[in-house]
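There are structures below to look over.
You will see two complexes here that share chain A, one where it goes with chain B and one where it goes with chain C.
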Partner chain A sequence: MIPNLFEIFATPYLLKMPLMWLAVMMPAMVLFTPSQHLVTGRYILLKKWTMKQFTKQIMNPLPTQGHKWTVFFMTLMMTLTSMNMISLLPHTFTPTAQLALTMALAFPLWMATVIIGVLKKTTRSLAHFLPEGSPTILIPALVVVETISLLIRPLALGVRLAANLTAGHLLLQLMALAIIHLPTPMWPATVAVATTLMLLTILEVAVALIQAYVFVLLLSLYLQENI
Partner chain B sequence: MLSRLCQRALAPLALRSLAPSLSAGTLQVSRQFHTGQQCLAPITPLPEMGGKVRHGVIPEEFFEFLYPKTGVTGPYMFGTGLLLYLVSKEIYIITHELVSGIAIVSLIIYVVKKYGPTVAAFADKLNEDYFAHALACKNSAISSLEEAIESEKKEQSRVEGRKYLFEAKRNNVAMVLETNYRERLLTVYNEVKKRLDYQVALHHLKRRKEQDHMINWIEKSVLQSITPQQEKESIAKCISNLKVLSKNTQAAV
Partner chain C sequence: MPQLNPAPWLSTMVLVWLSLGVMHQKVKLFQNIYPTTMCCGAPRPPWPWPW
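The block that comes next holds the complex of A and B.
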């Protein structure tokens, strides 16, 4: 019996009740607890420190008007990171592997940056369609290319996150399946696959963190262009 | 809908002029956040160290709970039995998820064992830096206040010396006045003496001039009054006197 590998990406249901909202909220609720103390323990302290570093990193290049988006961006990053990291544990559901979630985040936010750019700095945001210093003969082609690149941004943003996570989890499941079935015929292959699985797990942890960071970073870049 | 009406009723007067759909939202905008503590319950004190755990996840209290009845191996027997029960009854099914679970859990254990102490030391250092900074602020505030107290006390002690200061100043001024007065007195004396000396010198000069004049006049009169006959007689008298004297002297020798 070959199990359906894509079952892990099916939306969880409990007695016909959809648990998607729980899967989305739970990581943030569990991992990120507020504290009323001025001086906190190690966990919250490290979390605060990490968030401060990331905030400085991402929000520094933005002009002052863009700093209104700080709370939103950082919350988004925290949510995505926590969702990605928790999904690495066994028998968990990956909300960010669902295109519905990532597109629902990417598309409106990209649209918001474009609208801000068009409303506040119409000429400047239109000027982004032609990079500086481009040869005159290439201008028509470049404008078309830049327009397409602009329009593809939300798609890229959403699909990047979903695809990375889906691919990673799928590979992990495949390798695990191989380890389960391989020892009987050939155990040296099992050792090789187990090593690869370990390395892949390390990669998946890195990807989980990086993809969340990249999502927020790209949004901040799009905001920087338009604000 | 009803809640929106209630919110609209709560909205300040200025916002009620807006359309109902907007005024409810603008109430949220006009409300201030984080003006005070969100929950007024007393804050529980934070324990300095976390609860003791065995094997990273099982609290020590569980082992202590089972110890009186089952001894040291009790919890481990319980754990093994539970796992075997779950697996044999196929409540927990061995799937590929278990293998990937083992991979990620072993990775987590490795990372925690290897980098745990470093990260913990870093976190403790962050706390210590924060504490040290707060302590430094407190100490600098205290020291600046102490300095202020010291300077205030010094100023207060200086107030007592004020009397002596003014006394000295008064003395100085009196001395200066006295000096000035004496100088003026001396000047007056000198001027008066100068005038009197002038008068005295004038008087002396007059007397001397009179004397000289008188002497000259007497000499002139005497010389005019000497006739030639008198002159011859006096010369002869002188010669005879001299002869007498010379005889006397020869006699004495």
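The block that comes next holds the complex of A and C.
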């Protein structure tokens, strides 16, 4: 009987109650809970330092009008990072591997950047359909290509996050299954696969952080074009 | 397998924006209580070592 490898991405249920809400709300419930201490300790200092580094990195290229998006981008970054990292624990659910979640974030935010561009700087946002210095003969083709590139952005944004996490978790599960089912005489192969699994887990930690960062970075770039 | 029934999609969308809203309020509160300037204590390494 072939096991269904995608079972790990199904919504977990407890007594017929879907636990999706717990997985999605977990970062919001756990992180940034106001402390009773006003004097900074190491944990609060770590959070402040992380927020400052991310803010400087992402918001530096944006003009002053775009800086009102700072808190939202940092919120998005923290939420995605924490969801991705929590999902690396064994037997946990990966909310960001669900297209419903990633598209629910990508599509409205991309649309918001496009609407801001169309409302505030109509001519400039339309000018993005034709790169500067393009040959005259290529103009019709380039406009079509740039339009498709614009329209495919939310899809790419959502699917990139979901696909990266899905692929990583699937690979981890496959290697774990291989380790479990390899017979005892093949112990060198088991050791080799287990070592690869450990290295892959380290890679998945990096992918979890990077994908959250890339999501927010790309949104800030789209905002930069339109603000 | 992708879900074709819209209800799980809609509930996921609502949940994620609710989660973002809660987190947004908490981050704003955090930024208000702890502005990004170092103050009120000796500088400590930004990692949670116990010593």
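Quick note on the criterion: the second predicted complex is superposed on the first by the 218 of 227 C-alpha atoms of A that agree within 3 Å, B and C clash if a C-alpha of one lies under 4 Å from a C-alpha of the other, contacts with A are read in each partner's own complex, and residues count from 1 in each chain.
Quick note on the criterion: contacts are C-beta pairs under 8 Å (C-beta built on N, C-alpha and C of every residue); 3 or more make two chains touch, one makes a residue touch a chain.
These numbers come from a predicted model, not from an experiment.
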Touching partner for A:91 - first (chain B), second (chain C), both, neither: first
First (chain B), second (chain C), both or neither touched by A:46: both
Residue contacts on chain A - larger count, chain B or chain C: C
Chain B versus chain C as contact partner of A:36, first or second or both or neither: first
Which of chain B and chain C A:71 touches, first, second, both or neither: second
Touching partner for A:124 - first (chain B), second (chain C), both, neither: neither
Which of chain B and chain C A:176 touches, first, second, both or neither: first
Which superposed partner A:25 touches (first chain B, second chain C, both, neither): second
Residues of chain A that lie at the interface with chain B and also at the interface with chain C: 39-42, 45-46, 49
Residues of chain B defined as touching chain A within the complex: 37, 39, 43, 46, 50, 94-101, 103-107, 119-120, 122-124, 126-127, 130-131
Chain C contact footprint on chain A (complex, rising order): 6, 11, 18, 20-21, 24-25, 27-29, 31-34, 38-49, 51-52, 55, 71-72, 74-76, 78-79, 95, 98-101, 104-105
Chain C - residues contacting chain A, complex: 1-3, 8-9, 11-13, 15-20, 22-24, 26-31, 33-34, 36, 38-41, 44-49
Residues of chain A touching chain B in the complex: 3, 8, 36-37, 39-42, 45-46, 49, 88-91, 172-173, 175-177, 179-180, 194, 197-198, 201-202, 205
